[in-house]
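There are two complexes below, and they share chain A, which is joined by chain B in the first and by chain C in the second.
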Partner chain A sequence: MILIATSDKGGTGRSVTGCNIALRCALQGSNVCYVDFDFGSPTAGAIFHVESAARGILGGQGMHSFLAGEAAAPVELDLWRHMDRAGLRPRPPGAGRLVLFPGDEGGGEFPVDEDMTDRCVRLLRRLAEEFDLVIVDLSAGRSYALQLVLEATVRPALRPVLARWLVFHRWTRQHIIAAAGLAYGDHGIVDTGAAKGHDRDHLRDSIRFVRTAVPDLDSEQFAGLVPTQAAWLQETDADLQRLAARRRIGRSVLLGSIPLDPVLQWREQLILESDVWTLRIANPQTGAALDELAKDVMDDDPWEGL
Partner chain B sequence: MRIQPRQSLLDLWQATVDYSYRDGAWTPGGRAEANSTSEAEQLLCLMYPASQIEAFKLDRPDETARDIRESLSTLGDAMEIPRRLVTALRDYMDRYTSDTGTPVFSAGSYLEPRAPGELLTSEQRNLDVVDSLSMSVTLSLATLGFLKVFERGVKRPTLRAEMAELTELASRRLTAAMVGLLRSFTVHSFAPSSPAGQVLCETVNQRGLPTETLVGELHEALARVRAGLAEVTLGSGGAEELENDEHLFECGWSWGIVRDAPEVVTLQPLEQPVGIAIRRPLLYFTVVALDGIADLFSARTRILGLLNEEQQGFMRALQIRWDLTQQYWSTLAGFGGERRWPLEDIPWRTTDGRESDYYSLLVISVTVEALLQNRAGDLDLARVGRVLEELAVRGRVTRRALADDPAVELHAPGIRLNLYGAEDQLGGRTGPEVVWPVADFATALFKRTVLIASLAGGASLRDRLLRLSDDIWDHLHQRRLTDGPAAGLWDDASGAFPHLKPGDQAPSWYLTERVMECLVVLARMVEQPPLRNDRLMVLAQDLALEADHIYSQELLRGSADAGQLRTRLAHLGRRLDRARAIADNKPGTAVAVLTEVLRELDDFVQARRSSRGLRE
Partner chain C sequence: MAGLADLADDERCRILLGEVRTGLSAHSRALADTEAAALLSLRPGVGVRVATRPAAWVVSPDLTLGVHCPMPSRSGARRDGIGTILSRASLTGGRMVQATVHTGVVLGRSGAVDRRQPWAHHLARPGRVEVAGRLRADDLADGFLAAVPDGVPGPDLDLGAVCGRLLDQVQESPLLDQRLPFRAPRTRFRFALLPCDHGASGAAHVCRVSFVVEEEMVRVLRMSGSVADLVSVVGLCEDLALHDWLLTTVQRVVEGSRVRPSGGGRLPHQLRPVIDHLLHLWMPGARVADALLPVWAGVEQRSGISRQWENLVGWIRDQLALSLLADLGRGAG
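Take a look at the complex of A and B:
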């Protein structure tokens, strides 16, 4: 299965959540690869604690160079050997493969051409056969990377492969409107996809949303609010729920909701069990939400919708 | 008011699903073996609040509030909850539809033989009762409305198919229940000198009039109802009963389809059982029928357009009966006017010669709606309120019971109503006599108390009634089951009557559903804007005038020129605007805001004076 992660705006926690999904799916036994299509800012390496690929890799062998035809094959990093984080090396027993395809340091956005689409199709086809879950992390917004993936997934070679879309957005008015726009608006995913030959309804039904940095009013971090702030926050939240429902990104198409967590917020990093239970720097709710999300990504039921 | 309807309803929801949803399926049943009424009650515990209170809606899963999702989490997440409900409702409607596609309203295990030890025949257990008809009207409407909104967001073909099937089943069940209600309405006429006539005359004769004068006045007072009944067509209870102008009469619902009730013509063929119920209105079933029928012409039913054309015709026919029945009973209840109402002469006597506090309560139940429609004044409401208070005392709801107190029987095991006619069976055979136990005294009392409280225009009357409802709730709360899988449901009467032995620990859906209705009525009252008090409004206006003036003086003095004072004054200006905006609807709150503004303005004034060395 190919899981395409995208967002309309930057700073939505798309990459950090995507990496955490990848890690958790791998820990649960699936073979997972993470493909960095965020050409402008390929930072997946940093999130995975791979110092040598923190801002993409040097040497012209990354995803960017491969798609541009400058490298025969993209570099793949076995993360179980490269992650510089206690508890993640070597591969924990029972875990599946976890591989990162990093971008190039100093790469950038580029227009899509026919050859590039071919290379993309071949790569994704191979990865879909080799891995249970292929996470493709796109640049934010209506990017070339988005064009490329929409173009590739409609090709006959990729048609049989299950492709699912995740749109990440923060829980604010602007982000909700932007996320709905990216999915359903002009030149959005559905619009662009349909123009490229995707079945409009099918494509729309394969999009799910993930809310990030969602304030949990019952959590301890909000214990210090004065009552008027709490009342305001509760009303605002209800208002956002209604807005999301109106924009058709309500709970029926919601895959997960990641609470506001200092660890995710200030140091975009993987959240391990030890962060939650031993170091206690991350909230248990965050760990639970990520677990749930990793489960639902692979599960069919949440994708069937109502 | 001490009760918190939202929290109490959430607790009830959680207890209901925890008990009912086992091993991934909705499991009907409780204290009584599952039957068409009890299962409807069990489902209504969820569906009724969801259809009546905005905050409890489940049909727009995108907007379900968190505490609501959590209370129902046994069913699944917000997306799964409505799906599970669809399945549970469809299974219910399916189970109570015969092989020929006819909805079944059998009373089943709710019926008891009058003489202990006797066994009811299966034919008797399959009798349709008005309780089931009325519950089915409410449940079908709740279901149809729920589906109508929910289906907007549903795409899954399997789910859509299941919902289409459920819509069809619910609509058929609704039609059949309406036809049943049309065929169980009855008019009973009798000579003033007959035993029934004598009881009626004694009941309403609170002024000691000679019988002839009384009968004349009664005819006069009921002339409009009588004329209205002559117009009733479709189903049972028409003009033929009223041929003798000398006769007195009563109207309302019997316990089931009445003897010789004509069939009602329907668009689709519908098997209609032969009626055997006595052609005499029974107060309890009249109240039950009126409650169900009221849902048919509620605003929600109209707005969502839940009735098809045929059902709208039936609805109008039922509404006429609803109006006439209300008028009839409220005329009796308040007959004779000033001195003492028949209603105040507790206990009420029914024309079959029985008397009970419970009947008084039922008469109030019928007349509450009439009070509502006539916009009754606080004087009348206060009289009804006093009757309720007295019933609460006499029924040992707000007073401790003596050992062997006969009043406790109202609650456990309840009053046993005779289902006259149920012993007659096909082919002329006679079976055992049948009774229907009812034990909803406390909930009926609560519901009517809150309804009257919400009608009350004066603060003191409302306050008195709400305190009464708090006390009744305390009683009900004590009767919750506290242990076992049914914890949080009802009913354990020994909680309120310690000399009773703790009974069955399985839930009584009969009472649990009625407790739920109580909470819904209460929640709807809380949704209304608060009472307005004229004195407070005058006070708020006067305060606003003074505050406004002093505020303007401050501005004139140039206070707005000083940095920190400026922001504070702007703040006070906004508070003043706020007070003016709410002065009409919440004068008390406006007074509170204005007091705060005035006090703060005075701080400035005083500070200034002290700098000039002045004293006030």
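Take a look at the complex of A and C:
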């Protein structure tokens, strides 16, 4: 299965959440790869604790160079040998493969041509053959990367491969409106996909939403609020729920909600069990939400047609 | 004009370099021979070869690719090679797909005059690359076998990239439905055969063999010997790569099912596709020339691959038997 991670804006938590899903799925035994198609800002290496690929790799063999035809084969990093974090090296027993296809340092957006689409189809089909889960982290917004993947997934070699879309957004008015626009609006995913030959209904049915950095009003973080503040937060949250429903990104298409977490707020990183239970720096709710999301990404039920 | 004696001399200093990549065919079920033949008809007008015993085996015609590029070396000596490499794709048991690329490298001899030959010269010798300038056989083989950490492609003769592309080409064929019963990794198996000093008797023999599992999915086989028929060595390597892939793939699935048992005596769900699609395909040495069987035995001795396989299969059979008993128990209760 190919899971395409998008967001209308940068800084939504798409990469951090995506990398954490990848890790958790691999720990659960799935073979997982993470493909960095965020050409302007390839940060997956940093989140996976691979210093040499923190902002993409040097040497012209990352995703950008490969798609542009400048490298015969892209670099693939076996993360179980490269993650510089205790407890993640070597591969824990029973864990699946976990491989990163890093971007290029200093890459950027570029227009899509026919050859690039061919290379993209070839790569994604091969990865879908080898991995249970292929996560593609796209540049934010209506990017060339989005065009490329919509073009590629409609080609005969990829059409039979299951593709699912995740739109990440923060829990604010502007983010809700923007996420709905990216999915259903003018030149959005459904629109652009349909123009390229995707079945409109089928494509719409394969999009789900993930809310990130959502304040949990019942948590201790908010325990010290005065009653007027608490009431205001409750009301605003209810407003946002209504707005999301009106924009057709309400509960029925919600795949998960990741709470605002102190660790992620300060640092882009993997959240391990040890962060929650030994170091006690990450909230247990964050770990639970990530686990839930990792499960729902692979399950069929939450992706049933509406 | 090269005399016969020259040619024979050439043969003796040939170094075989190659790579095999193995994977699971991108189809929901095993392919029948006729389907496999259609899949592997990679050259119009040239037929595939088919063997039905002991396991169904279909192999494409050879594809020839001209190359002119620096040769790999450990020392960093950059000598140009020019000539052709051969590639082919095959399907075993309708299920396991392989792409193989190889070439025999002829090293320039000291004192020989380096003349650029016309392309016709090289095209008349498919599967052979000639190196201009001095390069030691060891240096070449070490450089070739050490290449490609983590899929970093080198600027040199890159057989791996050609191999990967051929496998992609077969796997993305419209004849395949892309509905694999489970996901399986591709393995890369690199090999080299260096000439050895003794054994000029004419009979094929291989004297030194080292087999290393280098990374999760990379294997390296280095041999010394004298074998006139290089294609038979390629066949041996395909057979080794195939069985190494089977072992690797089933091992991973079994490991996962051990860590996360289904409970209640049920058969771990991961095992079912492996039982249906792979277990019956183990037939080591089936298509290996008699003279090369000792190589199999040598690899066997060092890595015990058949022993590991038997253990795995035994364990899977036990799980199957236990699950049947549990089912019976449930039926009775």
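As a working rule, the second predicted complex is superposed on the first by the 304 of 306 C-alpha atoms of A that agree within 3 Å, B and C clash if a C-alpha of one lies under 4 Å from a C-alpha of the other, contacts with A are read in each partner's own complex, and residues count from 1 in each chain.
The definition used in the following text is that contacts are C-beta pairs under 8 Å (C-beta built on N, C-alpha and C of every residue); 3 or more make two chains touch, one makes a residue touch a chain.
A quick note: this is a predicted structure, and the numbers were derived from the prediction, not measured.
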*Consider chain A as the common anchor and indicate whether chain B and chain C clash or fit when overlaid.*
fit
*Could you say whether A:250 touches chain B, chain C, both of them, or neither, answering first, second, both or neither?*
first
*Which angle, as a multiple of 10 degrees, do chain B and chain C span at the CA centre of chain A?*
130
*Could you tell me if A:304 is touching chain B, chain C, both of them or neither one (first, second, both, neither)?*
first
*Classify the contacts of A:238 with the two partner chains as first (chain B alone), second (chain C alone), both, or neither.*
first
_Partner, of chain C and chain B, that touches more residues belonging to chain A_ = C
*For A:205, is the partner it touches chain B (first), chain C (second), both, or none of the two (neither)?*
first
*Looking at the overlay, what does A:76 touch: chain B (first), chain C (second), both, or neither?*
second
*Across all Cα pairs of chain B and chain C, what is the smallest distance in the superposition, given in whole Å?*
18
*Which residues of chain B touch chain A in their complex?*
60-65, 78-79, 82-83, 153-156, 159
*Inside the complex, what are the residues of chain A that reach chain C?*
28-29, 31, 59, 61, 71-78, 81, 93-94, 96-97, 121-122, 125-126, 128-132, 156-157, 160-161
*asked:* Under the stated contact criterion, what part of chain A meets chain B in this complex?
replied: 205, 238, 241-242, 244-245, 250-252, 302, 304-306
*Would you mind writing out the residues of chain C in touch with chain A in their complex?*
23-24, 26, 150-153, 158, 160-161, 164, 168, 171-172, 174, 177-180, 183-186, 215-216, 252, 255-256, 258-260, 270
